[in-house]
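Got a structure here, written out as structure tokens. Questions coming.
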Amino acid sequence: MTVQPILTARGLVKRYGRVVALNHADFDLYPGEVLAVIGDNGAGKTTLIKAISGAIRPDEGEIRLDGQKVDFRSPLEARDAGIETVHQTLALSPALSIADNMFLGRELRKPGFRGRWLRALDRDKMEEVARQKLNELGLLTIQNIRQAVETLSGGQRQGVAVVRAATFGSKVIIMDEPTAALGVKESRKVLDLIQDVKSRGLPIVLISHNMPHVFEVADRIHVHRLGRRLCVIDPKKHTMSDAVAYMTGAMEPPVEAAVA
Amino acid sequence: LITKTDINPFFVKMKEGASAKAEELGVDLSTYAGKIDGDHETQVQAIESCIASGAKGILLTASDTKAIVPAVKKARDAGILVIALDTPLEPIDSADATFATDNFKAGELIGQWAAKTLGDEAANAKIALLDLAPSQPSVDVLRNQGFLQGFGIELKDEKMIGDEDDPRIVGNDVTSGNEEGGRKAMENLLQKDPDINVVYTINEPAAAGAYEALKSFGKEEGVLLVSVDGGCPGVQNVKEGIIGATSQQYPLLMASMGIEAIKKYADSGELPEPSPGLDFFNTGVTLVTDQPVEGVESIDSEEGLERCWG
Amino acid sequence: MSDAGAAPHKQDFEEVLDRSDKSVAAFEGHEKNLMDRLQHFLHGNPTMVPVIVLAISIIAFGFIAGDRFFSAFNLSLIMQQVSIIGILAAAQSLVILTAGIDLSVGANMVLASVIMGNLGVQLGLPAPVAIGIGFICGALAGALNGFLVTKVRLPPFIVTLGTWNIFFALNLWLSGAQSIRSQDIDAQAPLLKFFGESINIGGAQFTFGSMLMVLIFAVLWYVLNRTAWGRHVYAVGDDKDAAELAGIRTSRTLVQVYALAGLVCGIAAWAAIGRVGSVSPQSFQEANLQSITAVVIGGISLFGGRGSIIGPLVGALIVGVFNSGLRLAGVDVLWQVFAIGWLTIIAVAMDQWIRKVSA
Amino acid sequence: MSDAGAAPHKQDFEEVLDRSDKSVAAFEGHEKNLMDRLQHFLHGNPTMVPVIVLAISIIAFGFIAGDRFFSAFNLSLIMQQVSIIGILAAAQSLVILTAGIDLSVGANMVLASVIMGNLGVQLGLPAPVAIGIGFICGALAGALNGFLVTKVRLPPFIVTLGTWNIFFALNLWLSGAQSIRSQDIDAQAPLLKFFGESINIGGAQFTFGSMLMVLIFAVLWYVLNRTAWGRHVYAVGDDKDAAELAGIRTSRTLVQVYALAGLVCGIAAWAAIGRVGSVSPQSFQEANLQSITAVVIGGISLFGGRGSIIGPLVGALIVGVFNSGLRLAGVDVLWQVFAIGWLTIIAVAMDQWIRKVSA
Amino acid sequence: MTVQPILTARGLVKRYGRVVALNHADFDLYPGEVLAVIGDNGAGKTTLIKAISGAIRPDEGEIRLDGQKVDFRSPLEARDAGIETVHQTLALSPALSIADNMFLGRELRKPGFRGRWLRALDRDKMEEVARQKLNELGLLTIQNIRQAVETLSGGQRQGVAVVRAATFGSKVIIMDEPTAALGVKESRKVLDLIQDVKSRGLPIVLISHNMPHVFEVADRIHVHRLGRRLCVIDPKKHTMSDAVAYMTGAMEPPVEAAVA
């Protein structure tokens, strides 16, 4: 591909005490693609995307968004730059309502005086939008948009988190094992959503341990191993067996893949 | 010098008095105090530190006059002169000497003054008693009981506050010896009986608080407010007719006399003599009021101001 | 997403999904008896719990202590007596909502009032200046707590346990433990006693101080429930990491909360001068614990993120009602302490019982 | 499990797994500089942190306050002075290890000592009986806390805030706020003052009380680290639900912990009579906060499950050293309070800094 | 089958406030079998096995073990009755060592006086056993059996929990989504373990959303839907599509299955 990658990382290093979670890891995401990231438990996938989404700051290495060098000091900065993330821990506030959670940190204010001077929230507007987005996705049948997130089932919560990302992401959407705890039906919904977002031209990073899912939606597969990118493979050219073999170290990756 | 606490101006003054005298006599002085009133443990530790640091003498105002005794004994065994200031130990001879205001007397004076001022009205007075703390430290008891005695109310247990059943007593409440407590306590007692016309307060801050309460009830007139201490703000209040009368004590005197005594002891080894007729050296207590009454000698606020502390 | 079925090589067993039905888990209304009904109602609006406790105790004492207690005047008097602790409880609530705790509120307030007094009376600065500086000191003291909690990552309990001692020491140092007399204040800077003023309405006597308390709670209620910042406070208290990942500057929010709490302490300091009538460095030694008691009786969770700011106002009133009622009923101080002890436990127990019913 | 490969119809892409390599995540020793080394060493054995702080402060005060401080006598004196707070800190640690907190330890102890005094001196019961009953009361008071925490499911902070008031009231009621004089105890029940006795070794004066403190910590260390029950205490404090699911009777363990803490308070009561020389209902008003300070300085986490019981012993000594040192250096009380405030914050900050390095 | 079921439940009901998590659910487990439990998110699977393992007490219904009516008041009682459970939340104490966790609540004491009277723990023995069991499983390459569980990766933790159950379970072993967070390799290990335990003649209950896994190891499949057992199917007679269809309500279960 000669296209400029939208998001790149080079030589990322992150240490936790003596554990080296990221060991000079590289990363490339191209416009409009679905990039799957696979790897064993503890390979460093979550740490990688945490670094990209500003949740942690790498000890070394650089990250570029649209070719610009960026250094996110907090998740907020990454978000403002257009990177939305669905974290493995969904990052929802149990006691707040669904609407509040969706707009957390980006609340809408009432127009005019009350909004500007009294900084009054526009509750109705936010709930309106939230309901509409959730229905679009059709992921949940929420009786009450005001109900606290803690009263939702695991599946429903994941839904809220995914919708939040899909709604506000303007450049990149990252999902860390979004279907881990989901049932067959719910997983399907999420996969469909991914297709949907992709069709809107947004690139997506998907971390998953589920090979069939990965091979279904991914355009390229980033294989992570022992804290670094081992290779990038094309799901059409390689089989699931190959992918698993690479990521578990059962087989050496082909030379061209390492460059891809 | 070991005082009860640094949050009470009385003892802060006492400390200053001692320091001044110490300067003058070239005695080196270290001061200790509890963090809060009734902080007994810290005083014990202070005494021990004095022993450890080989002090010549200790001036002590005990928080717990009984419990401190063993510690004091330790100090005296270590050859240290222990002088109790302000509050006598129990038994009083546990200290080498005691320079104190007779707190009971202090209470008695204002009691008598109040009674006399009221004259015959005293028979159907309505009295509010604003004490210090629920834990009834000895000062609290002595002043309270002294006042009642002076007022002519028969005491039940001399060591207990609030066991009297004289109909003239509207009630007791605690003030923690500060303005906020004084005001709240006064308000509560006024709620019990709005016709209160005699108010005893443990000290002048409490009295000031009580006055605020009376004012907000529109009752500042025609109520006798009596107190103990004789601090300058208090005497000032007497002058301005806010407090009817207060028993003035002399912490600086106590302290400086204490220092002198110790100096004397250190130099010549001779012990101070208690005042005749008493088993302690009375540093005196004087009634300060601008409406003197027969049979209770008193000084006026002007004079009081000259002799007041802090 | 009707095209879902056409997605590339999905696992065959998923084909059937499009026909799956959309109904959700069964529900069931099972208000068995009146108790359950009540419980469910209260679960719906937990703020009502302290309100009900308050109502009950007022009525109860109305019978026990007679109409001396029940008079408009006495009830307004209770308002006066709780006003300072109430305002401090408001500050405390802010901190507790973030799953913290502030043992230094009382010391902070007294320190601020001493500063106001020293500047306004001793040094004779214009009262507004003195008061303003007092506010600033309060806010800074709070910010110090916030800084230690967020930047140095210390548990709030420990931080404020430490600053409590520190503020206390500073207070003694600045005041020499000397009160500033009411009359001197009148002479020098009467404005300091502004909140001592009062207006009478049909026997009831409302001091500006009690009104200030109500006002502060009203403002905080608006801020917490109607502004984004308020939602952030709840989110941070609820799950700090989640809030951070969701894109909230949790550290900044926390520091702001502690600073605001400190500012409220500063305001309380002004009100306290009015209430006490003089600047008294010895007063309010136990205000921190009393404020915490009011907050928990008001139904705010010590684990943060749950509870309404109105609760602590009611909580403070409950404590006031108990104190006043018990006194008028002629109960010994010592048994009042005893009663407050049980009150704390029982009130929170009721609250727990309500919340036990989930969803 | 060599037959794994032959398992029925496993997904084809898993065939390759048998060949997968078995190496684990990379490690790296990166002791960059001495600071890091120290940090890692301390991280390995965090108990050392308070010990080092203690050593440093002793030496420091040796210079500041001169050899009056450094004398064997004074050091043994510090032991005596902290003995009571130390024992209470031991009780406090038990509770804090379960992620709780006990504000009532001090009140509980004083109550127990008053009971011992009343029975042994006032009523003239045989001393052993009086002491035994005192122990039982302490344990029961603790069990009451435990019951309210587990069965009624109230936050420990609130429960013990309540019982603190309750025990305080009972104490005043039983004692009438009157101390029992040393002489009377000698006459009636000298055994009550047993822990006041001491033996001299080269100028140093070791009271039985200070030995008792050390003994109690030794026993608790054994129980917590060498018995199943001890492991359960840590597990409960670490994650209550997990412990419950793993098959631990968490409620029972908790009640036992609070009861044991109460019993230790009872023992402290006996020691306190020896230490103070008389039964003083006025003493130890602040013991609860002091014990908490000792525990946190000793490096036990307020969130439970982490920290060694030895820490609080050292923590108590640190506070004692500071008090004694500052006193001998002739520092005003108010600056002592000031210093203790900062000490608390700084000590815990150091602890945090150590634990920041993970695994 | 005419064999007596080892574990049966009849008419279990569990309400959370207004939510009915279990709605007269039945359950049967036969000796030596692997029973898979499948169902949508929020169907009530976890609640069901929590009721069986004593973690919660059902509002109604009865449970029989070996035909005996049982009423577990705590997980401990269920455990003492021989039922070991791997909960969705692994129920490990982060700060305690691997060995301590494995023997939590069933510690071994030193022989003789020190054990009986001083109640001294036999550390070496426990660590010995723990290390051996973990190696048998081959699930983990633990450097140090004394290291705290919190220092392990998600996969490794799940391993410890599974091994604990497999080691001490004497009658029944229950696993709630044991592979949810696991990588391909790690999941394989767990499935192998299940086979292994089964070969030791212990019956196993496996909750999973992963159809291929379910159909690989299960002898019978319990389909849970809307808080009750919809039907029990035989993986050899039904396809994955059928199973999914039943559990999502896309298709009515065959009559005979409902009885099976």
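As written, the chain order gives the labels A, B, C, D and E, with residue 1 at the start of each chain.
Just so we're on the same page, contacts are C-beta pairs under 8 Å (C-beta built on N, C-alpha and C of every residue); 3 or more make two chains touch, one makes a residue touch a chain.
Note that this is a predicted model, so its numbers are computed, not measured.
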| item | value |
| --- | --- |
| Interface composition of copies chain C and chain D: same or different, split at half | same |
| Most widely separated chain from chain E, with each centre as the mean of CA atoms | B |
| Gap in Å, rounded to a whole number, between the CA centres of chain C and chain B | 38 |
| Chain C and chain D, separation of their C-alpha mean positions in angstrom | 31 |
| Cα-centroid distance, chain D relative to chain E, in whole angstrom | 39 |
| Two or more partner chains touched - positions in chain E | 42-43, 153, 184-185, 211, 244, 248 |
| Per-residue multi-chain contacts in chain D, two or more chains | 11, 13-14, 17, 20, 24-25, 172, 334, 337, 358-359 |
| Multi-chain contact sites of chain B, meaning residues that touch two or more partners | 6, 36, 134 |
| Touch relationships between chains, expressed as pairs | A-C, A-D, A-E, B-C, B-D, C-D, C-E, D-E |
| Residue ranges of chain D in contact with chain A within the complex | 11-21, 23-30, 43, 357-359 |
| Residues of chain E defined as touching chain A within the complex | 39-43, 153-156, 177, 180-187, 209-211, 244, 247-248 |
| Chain D contact footprint on chain A (complex, rising order) | 15-21, 23, 42-44, 211, 226-227, 239-241, 243-245, 248-251 |
| Residues on chain D engaged by chain C in the complex (per definition of touch) | 101, 148, 152-155, 157-159, 161-166, 168-170, 172-173, 289, 292-293, 296, 302-303, 334-335, 337-338, 340-345, 348-349, 352, 356 |
| Residues of chain E defined as touching chain D within the complex | 55, 74-76, 79, 85, 87, 89-96, 100-101, 104-107, 109, 118-121, 138, 141, 151, 153, 184-185, 188, 191-193, 195-196, 212, 215-217 |
